[in-house]
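Have a look at these structures, which come just after this line.
Same chain, two partners: subunit A is paired with subunit B first, then with subunit C.
And now, the complex of A and B:
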């Protein structure tokens, strides 16, 4: 889902950088409002490492193979730290492995980072104070609710990333290529992204359940 | 008997036409050896990019496609650059928003029998190099985590 160099016109690259700059500024402002902004940096740094490596590990799903993006998990666990963390992870992927590109770093951060922030807000709904219907949940119900939200965060973030990616690519098709063939290939790849979204959702549920059992304070 | 004689000229005409047709089918095949460029496109996990769109741009006009095509089932595509246009030929391979651009130097010196090969930047690393690079990157992140989680000195 990384857009390589030279696939979008310069105006789109610049717009991507502008949006990324704005969202990074907003995220950093939210982070600096915390009581101890440095407290979550180790957590953010370790998840950035996982994000950085995840794109190199291929999971074969016929006819092709996918790699986990983990942006939903990053959003759910890191909150506003997720956006700068994803931007940094993408920079290293582009610089070391040409996965994505430096000119498209901004647009890639938008594709993967903004869904992460939305996943964060979705996952926050597990807080009883934010529930739409404020009736009391039993512990069992609360656990199930957390799992549903974790799945929604993981699968939703990836699905949204796939949609933004598809829209950016389709609206910027180079006139030189056969647009119909390319569009069909993209629509076909959406099926793959759908499977990947379910996988990411399941993985997010597993990880969140594990953390909740072992070290619940990480989710605070 | 009469009927058969009547048929004779017809037979002659058809025979004539037939031989004429054979003449028209005579063909001429020439060959000469030339140098071609073979592109092999694959995803970074090694699966070939089958049926991906290939666009070739000549050095003298990098804005308009010089040749368009698609890769075969093994991700391969072969084309013969125009020897009279030396310079860097750009080849774009893309499929479903994925792809890459490769730069092929082509000039008079290539007319000799030497074979050159190259690749887009990322394929140049061996798996071991990739693992080391990933490990170094991860260690950087872990180090950052350790730095910020160190215990504050009590004073």
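And now, the complex of A and C:
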């Protein structure tokens, strides 16, 4: 789900870079408000590398196999570091594997990164609900609430990325495709991505429950 | 997982001698100019420019070809698909399939642009050690946090890749050979990804402690603003100016050429 070099008009590339610049600036400002912002740099960097590597895991779905995007859980774990982390991950994918590209780095970061930030805010809802109303929630309910949010973060982030990606690429690919064909192509690819979004959501739930059991501090 | 991005950084060529920060400015300018091209007349020109840069860089052709294999599929799908759906001018018709001129030309435009940008960015990253590229980016004013994160990520990519392969090999040895997707298999994959994340997290804590022990975070202000490595040399400046002029002329040509010239 990366837009390669040369696929979209320059205006889209430039707009992508502008939005990425703005969001990065905002994320960095939020990060610098923390008590010791440098402390989290190694954590964010190694997890960026880990997510990059984890997205290489291929999950067999006969007759083919897919790889996971994981931008929802990146948001949930990395918080505001997720946006720079995704931009860096995309940079390496462009530089090392030629997935995506340098001129489209900005727009690709928007496609993947903004849903990740939204997923972060969605997953954050876990805390206030538990803090404000601790007596209302049994442990069982807390677990279920976390699972629902994890699913929403995982599936929602991927779904939103898929929507932005599909709309950007199909409306910009060629001025000569007629509107009806465009619409059909968008619907068709969204059905495919919908299935993947559900899978990604389930995977995120499993991953979050695993981390919660083994290393809960990672989700703090 | 072997990355090999700067495998040919040790070669000696005019492009290799061009200092990375100047090269970065020049070639990035060129890449954006290429992305700007919409008129087919300009395509031969950018192919010639790209070829000259690639030949000057002395990188082996096999390196470029091996890099082209990965992105192929998506490009191929679009380039094959587009000539049949976009446009009105039918060139060839074969039962319900009809090859259309506009789509064909757009495909050509997209694939040439893609190929040229990819080659130039390969030259940009392939002709200097990666750390030099990062130093160059730092001197150009990218925020410190981002540069540090990029360097650390690069440092651990390969190591974590090895970690993943070791874990996957261990899973295979224990008989995990998933042929299809079900709840159990997906859970095992989630645990694999989770273990990878947790191990990296624990590693990052040790890395951070080692970094503070070596004084990380205390010398940021005392670093000289521009390191001596990037002292301006005339040739560097000249090369960057020439490339930027070429990039600018491409954009001007793109804007000024009349619409009907394709």
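Criterion: the second predicted complex is superposed on the first by the 184 of 220 C-alpha atoms of A that agree within 3 Å, B and C clash if a C-alpha of one lies under 4 Å from a C-alpha of the other, contacts with A are read in each partner's own complex, and residues count from 1 in each chain.
Everything below uses one rule, namely that a contact is a pair of C-beta atoms (placed from the backbone, for glycine too) under 8 Å apart; a residue touches a chain by one contact, two chains touch by 3 or more.
Bear in mind that the values here come from a model prediction, so they are computed numbers and not experimental data.
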Query raised in the report: With the two structures laid over each other on chain A, which partner does A:114 touch: subunit B (first), subunit C (second), both, or neither?
Result: neither
Query raised in the report: Is A:96 contacted by the first partner subunit B, the second partner subunit C, both or neither?
Result: both
Query raised in the report: Just subunit B (first), just subunit C (second), both, or neither: which does A:160 touch?
Result: neither
Query - Contact breadth on subunit A, by residue count: subunit C or subunit B - result: C
Query raised in the report: Touching A:181 in the superposition: subunit B (first), subunit C (second), both, neither?
Result: both
Requested in this report: Examine A:202 and indicate which partner it touches, taking first as subunit B and second as subunit C; both and neither are also allowed.
Outcome: second
Query raised in the report: Once the shared chain is lined up, is A:74 touching subunit B (first), subunit C (second), both, or neither of them?
Result: neither
Requested in this report: Identify the partner contact of A:42: answer first if only subunit B is touched, second if only subunit C is, both if each is, neither if none is.
Outcome: both
Query raised in the report: Once the shared chain is lined up, is A:189 touching subunit B (first), subunit C (second), both, or neither of them?
Result: first
Query raised in the report: Which positions of subunit A sit in both the subunit B and the subunit C interface?
Result: 4-7, 38, 41-43, 45-46, 48-49, 52-53, 56, 60, 92, 96-99, 176-177, 181
Query - Touching residues on subunit A, where the partner in the complex is subunit B - result: 3-7, 38, 41-43, 45-46, 48-49, 52-53, 56, 58, 60, 64-65, 92, 96-99, 165-166, 169, 176-178, 181-182, 185-186, 188-189
Requested in this report: Spell out the residues on subunit B that touch subunit A in their complex, using ranges where they run on.
Outcome: 43-45, 47, 53, 55, 64-65, 68, 70, 92, 94-101, 120-122, 125, 130, 133-134, 137-138, 141-142, 144-146, 148-149
**Report entry** In the complex, subunit C residues that touch subunit A
**Finding:** 1, 3, 5, 28, 31-32, 34-36, 38, 67-68, 70-71, 74-75, 78, 82, 85-88, 100, 102-103, 106, 109-118, 121-122, 124-125, 143, 145-146, 148-150, 152-154, 156-157, 160-161, 163-164, 168, 178-181, 185-187, 189-194, 196-205, 207-208, 211, 216-217
Query raised in the report: Can you list the subunit A residues touching subunit C in their complex?
Result: 4-7, 9-10, 13, 24, 28, 31, 37-39, 41-54, 56-57, 59-62, 68, 70, 77, 81, 84-85, 87-89, 91-92, 94-99, 101-104, 173-174, 176-177, 181, 199, 202-203, 206-207, 210-211, 214-215, 218
